[in-house]
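What follows is subunit A paired twice: with subunit B in the first complex and subunit C in the second.
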Partner chain A sequence: MEWSIETVEGATIGCPQGRVDEESWELFLARMNETILAAAAAGHRFVLDLARLDYMSSRGLRALTIAKREADVHGVPMALARPNDRLREILAISRYDKIFPVTASRDVAD
Partner chain B sequence: MTGSKSRSDPVSAEARSPLGRARAIGLAAALAMLALIQLAGPGISERLFDSYQRWAPARPAKALAHVVLIDPESLASIGPWPWPRYTIARLTERLAQGGAAAIGFDVTFPEPDRYNPDQLAALYPELAGPARDSLMALPSMDAVFAEVIGRNPVVLARAGLVAGSTDYEVAAATDAALLPVEAQFTAPLPPGVGSFDRALSNIVDLDDVAAGHGLINGTPDGDGTVRRVLMVANVGGVPTPGFALELARVGQGIATIRPVIADGGLSGVGLGDTYVPVAPDGRMRLHFGPMPEKSVTPAHLVLKRGLAPGRFRGKFVLVGLAAAGTADVVTTPIEDETYGVYVQARTVNAILSGDALIRPRLATWGESALGLALALVSLWLLPRLRLPWAAILPVGLALALLAGSWIAFRGHGLLFDPIRPIAIAGAAGVGLLAALFVEAVMARQRLAAALDVERLNAAKAAGELDAARDIQLGMLPPVDRMTRLHPAIDLDGLLEPARTVGGDFFDAMRIDDRRICFLVGDVTGKGVPAALFMALSKALARSALRRGPADLGAAMTGLNDEISRDNGQDMFVTMLVGIIDATTGEVLLCNAGHENPILVHADGRAREVPLEGGPPLCAVDAYPYMAEPIRLAPGDGLVIVTDGISEAQSPDGDFFGHPRINAALASWTADRPAGDAGTALLRAVRRFEAGGEPSDDLTVLALRFRGG
Partner chain C sequence: MLVRFWGTRGSLPVAARAATIERKVARALVAAGGRTFADEDEALAYIAAESDFAAARTYGGATTCVEIEGGDGSFVICDMGSGLRELGVDAFARCAAGKPREFHFFLSHLHWDHIMGFPFFGPAFDPNARIVIHAGHADAEEALRRQQEEISFPVPFDGLRAAIEFRTLVPDHTYEIGGLKVRTIPQYHSHTSYAYRFEDGDKAVCFSTDAEHRVDDMDNERLFEAFFRDADLCICDTMYSLAESVTMKADWGHSSNIVAVDLCQAAGARRLALFHHEPTYSDEDIERMHRETIRFEELNRGERPKLEVLCAYDGLEVAL
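Coming up: the complex of A and B.
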């Protein structure tokens, strides 16, 4: 999994790339937590741009839960953007779309 | 990825690396070798130069030195040494008549001749009167010899003495500063040139008439080998030539000797048109060569008539001793034993030819610096080279140094020691390679140790996984109990743990005469922690549901709170719970983040049952879950799976997905037992995976409503 950060007005955007599974979920969580801290320092929202993420296992969902708690602790609103069809299905099955705002474009999430 | 990357210091990073350590060891080896060579002294270099002289002995351009040897045959013929000075005078005269350019005596005459008339008269006290007067009226042998010396170009020897040497006290009677020196030095000798306080000289009668005087000191090196011959030295503060130099001067009729000074020290001596390089101490490195037989004549033959006339014409004749007990025997680079007079004769030839070996003053430092430079280059270059260059280059360089040294010796008489730089650079290379070898061995050992640890951990993990699997499978309800929960319900479950063991589980229990509760869960994570969390989740779920909650949604919300309370590792669990009324076919379902159930009609048609549901348990605190009702017709079935089925992957990376689930369940018609649903799905999934390793547990719970 690769990770990059972009910043737009009012939002810090984390962009994972590849797969989040048994091998990579810890890195995924660590990068999210770092980015949440950066967003908190900048007074931004945190948007997780899923456009280039191919797959997320239940480990990734668990990481999202933990990251959400971290974001809540720092008062950082957290949103998910641009999941592919597979991820959208996973989010729907797990009902994570009931926990996170999930949008089809980053602009809306911003 | 953004963010600053830490950048380590490359130098310290290299120092910490195995190669950096090996290079440091190589450098230390080079320095140790340098120190060792310094401690060992010049012996190794000198032995190499000795070898050069044995392989290529000197062939002087002007071999004009001739030795008249007072050998055992001469002693047998003439009488024991010392001979009467009269005899020596006759010998001198014969040599002069033979045309000798100069005649040098490589012996000293420090005492009056014992055959002088006064000495003989003293031997015979009974001799008196006219006989004694006649004897005493005869001229002394010394006077005769002095007269011959005075008429001919004769050079006498003189031995410089330092405190503690033999004859030092004997020489005290003579003021060294007043000893006659015929050679005129054009400049004082600079500091560093050898110096003697006193000298053992000849009796004044002889000294006063000689054409020249030269020092015959020939101190060997520490190993007893004579390699250098004294050219000039101060005696009592007076510049004095060496014996061979003085003989060459007198023989050529040259008056002056020119000391040549460079960098404050003596670098050479000029004699007429020739220049002889010397060391700062005033000694010349002689290039030794053989003494031709035709250049040696026994003394007794000179005294006999019949020797070829002109044998000594133009020759620089040296008279020396070669009889046992009298000879000055020395070791040279090319001979274990030879006569001192031969060394002086060779020196005369070398002086006349301007032929001497040169060892530059800073040669040792230069060789050491070259060695260190090559060591540094080796340390930098060797790790970058592959075989055969890693062997060819150092060996080639060493051969080139040896060849260069040999060429310098043959072409210019220059003495350059290649062993020193080769040894220093070689030590660096050997140190480097040895350290790299040790490092490689240690790395192999570390890898082997790591492999052992990995195997141990794998074995341990396998043990843990076995334990987790035991926990997981041990918690599943027995199949026969499930099928007998209610006659109107056919219920069966299947769980295929993955190799790494996921956290799937299922359960079913009878609440009362009419109702049966069933559930399927999936805990995130693997191994023992997941298995234990699964056990906890299942136990709490059974506790919350076994009495038939009035509100299934509220029960799930309560269950969420209960499980979250004991969730130290931030796990979560998806769970689909159903309660079926076996008399009506009504089912209440509550979905916490799990796959939706699949409704399979009696004819095998299957479709997903969409449920609103909520997030997995433990994901969100106090989430308000809801129960959602459906109704089964007699013959209808309900199948609940985990993501081990829906997310099973083919070798191409495709997911099994719901369309394939529905297709696999088409064969599960009303006449088939509940267990067939799991079997059909398992077979379809394994076929889809095409031998690939399952990444997650595979769980199917199937329920058929037979009708009330």
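Coming up: the complex of A and C.
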């Protein structure tokens, strides 16, 4: 998994690329947590842009849960943007689409 | 081995109301579209061909009670929920046909929904029956005696005529009980609960209800992957959605379909039975959860062999 950060007006955007699985989920979580801290310092919301994520196992859901707790602690709103079809389905089955705003475009995520 | 589900609901027994049955019958009549049936058998065959479970059936509303047939032929029963009453009635018929009156119970824990059937278990009143109650809890006897104190129930525990004994089991130990190899493991739940693994030759069944698997506890996850390893059937607590289990219902001691699939896939188990259904769920809700779990298993499978996802209902039998 690769990770990059972009900032736009009012939002810090984390962009994972590749796979989140058994091997990489802890790195994925660490990167999210760092980015949440950066967002908190900047007074931004945190958007996780999933567009370039090819695959996420349920380890990724675990990481999202822990990251959400971190974001809540720092008062940082967290949203998920641009999941692929498979991921969108997993977010629906796990009802994670009820605890995270999920948007088709990262610009409108808030 | 044969696994027979007598009670599959969590927390509280529920029963279908008149309007629910009316709705099912009305839908079935509409679906039949004027077709006629010579007799009940023909109508039953028509229903059996219907793939939509909730249309003509119900998952049932009795609380936790699962029977495992195998080993030396004595009764092996997990938990004493309200489903136990009916098992007791059936046991009389089987004992009359020659089955030994030897009953081995294994208690996940002592919450009400898991012990409430015992005062209604007919064989407990049979002076020729022998009942051994195995539990990870040393206070199992106290819990069963207490629910038959006069303030709660008219017949005291000492009024039961069967020979009843209690045996406390410890984790990390393999027992030989009723001709089965039995192991137990503690689970995260209020006052702790215990999962059991039963092995008969090369077949294995795991019974794991009222268990929370916390999202940040990797040690717990590894222990359960090992406990479920290569099981033919894992019966798992899938009461809540994953989202509920990590937000408002975190620390309530229950788990989700997502975590159950995850653990079973990692363990290389062959079948998963969704279990301890939420009492507020309708048959349609439970069926939807079943369909979604089958889909999630497919999405999460990767290169691993297929895990068959069953949804437990009162009356389901699974032959292994």
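We adopt the following convention: the second predicted complex is superposed on the first by the 109 of 110 C-alpha atoms of A that agree within 3 Å, B and C clash if a C-alpha of one lies under 4 Å from a C-alpha of the other, contacts with A are read in each partner's own complex, and residues count from 1 in each chain.
Assume a residue touches a chain if its C-beta (ideal position, glycine included) is under 8 Å from a C-beta of that chain, and two chains touch if they have at least 3 such contacts.
Note that the structure is predicted; figures quoted are calculated from it, not measured.
On the superposed subunit A, the two partners subunit B and subunit C do not both fit; they clash.
Of the two partner chains, subunit B is the only one touched by A:Trp3; subunit C is not. Of the two partner chains placed by superposition, subunit B and subunit C are both touched by A:Arg62.
In the superposition on chain A, contact is made by A:Lys98 with both subunit B and subunit C.
Contacts of A:Arg86 after superposition on the shared chain: both subunit B and subunit C are touched.
A count of residues in subunit A touched by subunit B and by subunit C gives the higher number to B. Among the candidate segments 42-50, 96-104 or 150-158, the part of subunit C whose C-alpha atoms clash with subunit B in the superposed model is 42-50. On subunit A, the patch touched by subunit B and the patch touched by subunit C overlap at residues 57-58, 61-62, 65-66, 86, 93-96, 98-99. Within the complex formed with subunit C, the residues of subunit A that make contact are 57-58, 61-62, 65-66, 86, 89-90, 93-96, 98-99. Contacts from subunit C toward subunit A in the complex involve residues 215-216, 241-244, 246-247, 256-259, 261-262, 292-293, 295-296, 299-300, 302.
If you check the complex, the residues on subunit A that touch subunit B are 2-5, 21-22, 34, 57-59, 61-62, 65-66, 86, 93-96, 98-99. Residue ranges of subunit B in contact with subunit A, taken from their complex: 1-3, 500, 522, 524-526, 570-572, 574, 591-596, 613-616, 618-620, 643, 647, 655, 695.
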